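Below: the structure, in structure tokens.
First chain written, first letter: the chains are A, B, C and D, and each begins at residue 1.
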Amino acid sequence: MWGENLHEQRKATVQLHYPHGMHTTIAEGIAEYLPEATVRTATFEQPEHGLTEDVLADTDVLTWWGHVAHEDVDDEVVRRVHERVLMGMGLIVLHSGHESKLFRTLMGTTCGLRWREAGERELVWNVAPGHPITRGLPEVFVIPEQEMYGEYFDIPQPDELIFISSFAGGEVFRSGCTFRRGQGRIFYFSPGHEDHPVYHQTEVRRVIANAVRWAAPTAELQPYPTFKVTPHSPIGWFSQTRSD
Amino acid sequence: MWGENLHEQRKATVQLHYPHGMHTTIAEGIAEYLPEATVRTATFEQPEHGLTEDVLADTDVLTWWGHVAHEDVDDEVVRRVHERVLMGMGLIVLHSGHESKLFRTLMGTTCGLRWREAGERELVWNVAPGHPITRGLPEVFVIPEQEMYGEYFDIPQPDELIFISSFAGGEVFRSGCTFRRGQGRIFYFSPGHEDHPVYHQTEVRRVIANAVRWAAPTAELQPYPTFKVTPHSPIGWFSQTRSD
Amino acid sequence: MWGENLHEQRKATVQLHYPHGMHTTIAEGIAEYLPEATVRTATFEQPEHGLTEDVLADTDVLTWWGHVAHEDVDDEVVRRVHERVLMGMGLIVLHSGHESKLFRTLMGTTCGLRWREAGERELVWNVAPGHPITRGLPEVFVIPEQEMYGEYFDIPQPDELIFISSFAGGEVFRSGCTFRRGQGRIFYFSPGHEDHPVYHQTEVRRVIANAVRWAAPTAELQPYPTFKVTPHSPIGWFSQTRSD
Amino acid sequence: MWGENLHEQRKATVQLHYPHGMHTTIAEGIAEYLPEATVRTATFEQPEHGLTEDVLADTDVLTWWGHVAHEDVDDEVVRRVHERVLMGMGLIVLHSGHESKLFRTLMGTTCGLRWREAGERELVWNVAPGHPITRGLPEVFVIPEQEMYGEYFDIPQPDELIFISSFAGGEVFRSGCTFRRGQGRIFYFSPGHEDHPVYHQTEVRRVIANAVRWAAPTAELQPYPTFKVTPHSPIGWFSQTRSD
């Protein structure tokens, strides 16, 4: 669980909802719905933002919540996490993480969107019933107060569209999207503004736990196929390939 | 332009908005925004519903509006239109056409959805800027009064998602979707209830005209590759293939 | 494991490779790589082809191998299995099952392809490393002797392309494809001609076992959202929705 | 037509096939099959690689062939072209352009692949009959001698898969792929090694000309929707939107 953990130190509302930081609340939600997972947290202010080579080598799925410090995240850490995703580490990008260097690098687009802070009702519609990420979720759920995120959301067409949200003001948003990049699975999920207690809500916690399970690698992370051997491939090289 | 043309004969409201039938108004919209097209109409009550082999052989793109008579459409005509789509004829399915035998056959699912007749505001959001079907359209447009169509909409994941609608009551809907089936291009577009003058609205007419242009075959319709020659393919058969 | 089980009774080569029927060998492969699964078989000649309402109600994932009797499969059984897939039952369609009524109904296209029986080498290339279906598989594996299946394969664009095969004669084929239809997950996998011992091969067995695990429903099968309640949805109906 | 134009100055084989540079031959092919286009060329050695703001402002579709100098292309020019693609400029990436900074930035992955220089036969299979890019092309065409490019090709899943190639040595490759990024359309097409006269071949020229037509913007290039107005969107902002 990577959390920027800066709003929490600066704004009274955020401290009220998340006295131990948003990353801690998100971690508790995963522990609740995915008890077999080992959950750890890391934050912006730690050395290397808490995302050292060793930490990443021991991480199956990373969640990412950031906002004000996007541009201050170290390029080398971004490069390292990016490579790890391509090798197969799962990645869950939350809310304002849409504008992080990491997500923009993986998408190749600006990842811009419309927004409004009016504490208005968000409805989250499940458009992928039967998908592992919607397990146990109803057809729609209500978040009483949220920041509005609206289209046009500048992302590549998702591999799978999971949720579409509407807001009281009339906007819509592709609020749950999956992408595969390299061997890694990515899920973007927009609910979760720091001024509202969204990560305490049952349905939101369940979605994130489901997504962590879905994004977990199915085998030990490995260098890419294209890295594992030299990409130069003499005639018949494949007669030597073997199953694990 | 295929129109069922039954509501028009039975309901005063529909006659008021569409005195010459909805198919005629839709045809006028295409003539306005796609003047190079030759537009003809056909209706349910004509022999073979107006969709004879000869008519289809001379049709590049078919639009389909039906509702009360879905189950009375002749299976042989459905089979014939289906085959023609696979050969490359464009198909634009409008509003309640989502439950037609033709669309369900092409999709393989129930194509069910939620609905409500409350004459409420629909916002149509463009989530594919730059796509030929959204040419000249704004980021969002308002239909003042419409029937609500809401998720879950039971269709295969579209090849491209073009529009998402929201309704005053809070529902969302994938209101513009493209699909390729065989050599044919299909566009589903939900706006257009018979009780509201939706097909007189500028943006709606422009979308349909853009879609007709997008769905038009790029070459003369041909039997499928898999029909053209016997699918049994001796070694080296392809050394005889030629460009057109 | 549904097997037509007719070639096995008629051809000596098939009896040699599959003395107890191909469905039995396929079932053994799943038992080997997915020991937690309860595996049962059903065949064409059983009453209702062995696919009664009760059997389906107790089936999470169905595999389908058929060929000569496609047109003799009862329409009511096809309708029943189709509905069950939309409700969330997984479906693995094998080899010549591409032309079954069931697969064609789910796809909406002819599902035609090119073919040649020359016992030639097939190479199966993994184009989705990191996907659960390719777990434990190498970058490519060799099937020494197979029937050729070649493009153009008339299917909708798959949700995910998993394998591409090449044949000694030069043809290519999208040999592993996933599709979601309703709440169900479908995997088409082409290796497996009755004249060759393909279902005895390690990699092929592993792919099928992986696919069964991937296609298994994540929750108890339920009627569709759109069937569960009336699709007519009065304003505010969703304030009553609940998580499971 | 952007051509690196360095191999042409250094290798005798390349000079033989392309005495005036590959970019000139590619330009001639487009002029032949798309006579309404105005074709211009630019090369690595020009100031700003010939891709100034003014040149880009007057370009609807850019083709990109590069190889040895990928890392020497100026970052500012890459940024400028990237932004222009997101605004709607079409982009055709050819052969070794798969490893250019521009393509990798747009994809978010390594874009690595397998390769072998053995002058072997490539078969290019059309898996999207009816698509504008395959207009006038046969089901398969033969390139007598080519460099092998093989899977795994590390790209995001394409929006549309158009061509799959096989090589005499048995490898396969997704040789024609479309992607939308922002308002721009991208086509990657792998045939075209500098040591073989591939860009003189009829089918290859036709594919590139078709792709240029397909990728051309449908309207004047505009700043993104999300840039055009401030993304902060007060309640009801959309009541002011207008069609073009």
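By definition in this document, contacts are C-beta pairs under 8 Å (C-beta built on N, C-alpha and C of every residue); 3 or more make two chains touch, one makes a residue touch a chain.
Please read all numbers here as calculations on a predicted model, not as lab measurements.
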Contact-richer chain pair (by C-beta pairs counted) among B-D and A-B:
B-D
In terms of CA centroids, furthest away from chain B sits chain A
Which one of A-D, A-C or C-D makes the same contacts as B-C, at least in over half of the residue pairs?
A-D
Could you label the chain A-chain C interface same or different, taking same to mean over half of its residue numbers are used by both chains?
same
Could you put a whole-Å number on the gap between the CA centroids of chain A and chain B?
36
Centre-of-Cα separation between chain D and chain B, whole angstrom:
32
Within chain C, the set of residues that touch 2 or more other chains is 123, 126, 129, 139-140, 150, 152, 157, 159-160, 170-171, 180, 182, 224-225, 238
Given the complex, residues on chain A that touch chain B span 121, 123, 125-127, 129, 139-140, 150-153, 157, 160-161, 164-166, 168, 170-172, 174
Complex contact set, residues of chain A against chain C:
88, 123, 126, 128-132, 135-142, 159-160, 180, 182-185, 202-203, 206, 217-219, 224-225, 238-239, 241-244
Contacting residues of chain A [partner chain D, same complex]:
86, 105-110, 112-116, 118, 148, 150, 152, 154, 156-157, 159, 169-171, 179-182, 224-227, 231-236, 238
